[in-house]
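Chain naming follows the written order as A, B and C, and within any one chain the residues start at number 1.
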């Protein structure tokens, strides 16, 4: 596998070859290690051997770049599993533990800061009114009197506008319901961001800055592997964890236990209990996106 | 013969008076500046623009949208010229097609400079990549815009090369192509409108009259460029463009602008009268939201430009006066440029889908890159017009070609 | 009748043994992500719910070290505690409740249900569940409170008292983590 990178044409090499000029070389940084074959097929059309080679290249590249052993898994969806998420609005206190745990777990860029979860502070008297929501609240302690909190991240819609709008099929819904992105296929046109009603998609406006000591070396190809600049990313429900049977990081860190995750097909799951015993709603239901992310009032 | 055509064309574009060369050098200088600005952007990432997650499409895509309209406007000239065989416009219709080619080229460049991973753009190429059809409107837009470019390029090249050879174009090939360009022009602008229109997440764009508005405004802005060009050609070349042709186009533009203003009014009424939470975007556009009020001055300017131009073109006296005619064209161009560029994209994204207001103003990089792209388009258009004019006038013709007037 | 021969001030000692550990979410945040791995499980109740050990303060358990039935007689009277457990401020339906309603006077190392059945501290949720039946149901289903472990397998539960101080159960406000930065335009 190690010779793959040497024998195939990499993107940047090709650009340099075409441009054949110093300007392109200085801009594209031809000497940097590369991992992706220029004329690679769409992820869904790769043979198992090609996929294995590609993952090995990525592992090699990231391990060299960050100076520690990085694994890039491609764990498939478990047959018969249908993920869903529920968030208890009566519990959330707006402490943003989830936001920061997510950044650490999923290797988001620290500068410019990319955060997959946005915690909105709302006025109790106004109810869920996004036009009066504030994500930038500062406080000694939370919850602040008179306010409640609504974290928003990817809703993993069954009828996802982002998937529909992507011109190259770089984002799709996995069999277990996770809406995934192939960062190496994304062209960075941001149609998906324009079409997402939840502001869930984030763009790498600059080269992501991720200190090596903070890198989480356990990664998934469709999830928390380090991203290139100029592509879109978003919550993957910690695909590298949940495909292994673990809870997403935000579920585990939430100090008030407001976050619930599980398999809709498992009658004993927390998520099924919520749907059957609590009154749930989905955000912007009028748009018919049919989210797999439910909000509920646990009290 | 083709080699002679090419060498002859090169000879034509390398000869010109001081004014011509000043224009060309100025364009080349701006293109150079644009290239360097783009290289900086490529290196630093789109952080060098003022776009952010909250406003993720902006100046580039606004210009793209405006130019799709300019490109589509070629039909306004093609319809009467070829369908009704209306002579005064027919001879200048080719200018519209050249403009369409330049505009589409600029559109392509604006998309190119807007994407974050330009090297991945080949994923749009069928065979190598994967076009997400039929669901992605951008995929459709890529198809129709490229199709429209090829179509117009074919029409123009075929016509000019025929004239160069001293023969009439074969109408059994030519007419169907021209007729096809009419629905194609409507098509590119409709698909581009649908690109916005289909996004339920953005209520400001999710309006059924968006596509008609696009078409109406395009039918104003495209001809505005052409009218100014025709006046210039009349002055600087032997190109004969009759007053009747110019007045007719201006009249058609007046109707288009009237319709455009009507549709805008309908939209404004619906937003402000029903006064739902979705009015916030229109409010941001026309009135500003609190301290966020960068946009209203531009928008009111645009409305004023459009209304004044409408009146100038509606009244026969001012329509026929060359001075007010040119003023009208400039006003229309400015009005539609603001309304359809920044005035469409920015309010659609402000506030964002979670209600956050980030006030976007283009960065220097964006402005310089955009000027570069416009310069490429103008350069392309200048060179094409420079070659096409003597061919149309019968001055640039192959040595073996018969002399005299050729019907086309 | 219970033996009330022990000094009453010691009756509240066991109550003080439940610190407010669960309320300090910083603990969870700082050792993240290692906290995602299961904390050591010592008590597996007969009902099959895995919980970490109760959050006693160091050295307070077993309660019977001080509440020796030979030396201290229980005092059920409502009063200001002066000899020990002064830090406890009872804000848990204080009007109707006092120490020995939950702590067993005869067996200080256990709690008791309303009917008198003894309950070890590891199963204190049964005691809480007597009044908070809906919460108890949700908690058993994994819906009330934080859950770690596997969504498809073994889960780590927390006792009610890991998050709620049993003497003042209202969830205390905590400091939020930093707000996101506002987007800044490039000139």
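Assorted remarks:
Here is the rule we go by: a contact is a pair of C-beta atoms (placed from the backbone, for glycine too) under 8 Å apart; a residue touches a chain by one contact, two chains touch by 3 or more.
This is a predicted model, so every value here is computed, not measured.
Viewed as a contact network, the protein chains are fully connected, with every chain touching every other. When the C-beta pairs in contact are tallied for B-C and for A-C, the bigger tally goes to A-C.
Here the CA centre of chain A is 36 Å from the CA centre of chain C. Chain C has its Cα centroid 70 Å from the Cα centroid of chain B.
Looking at chain B, residues 47, 52-54 sit in touch with two or more other chains. For chain C, the set of residues that touch two or more other chains comprises 182.
Taken residue by residue, chain A touches two or more other chains at 118, 135, whereas all remaining positions touch fewer.
Residues of chain A touching chain B in their complex: 11-12, 15, 23, 27-28, 39, 42, 112, 118, 120, 129-133, 135, 152, 161, 163-170, 184-191, 193-199, 201-207, 228-232, 287-288. Residues 25, 28-29, 32-33, 35-36, 138, 141-153, 163, 171, 173-182 of chain C are the ones that touch chain A when the two sit in their complex. Contact residues on chain B toward chain A in their complex (touch as defined above): 39, 42-47, 51-54, 56-57, 111, 114-121, 123-124, 128-132, 135-139, 142, 195-196, 198-202, 277, 280, 349, 351-356. Listed in rising order, the residues of chain B touching chain C in the complex are 47-50, 52-54, 358-361, 363-365.
Against chain B, the residues of chain C that register as touching in their complex are 182-183, 185-187.
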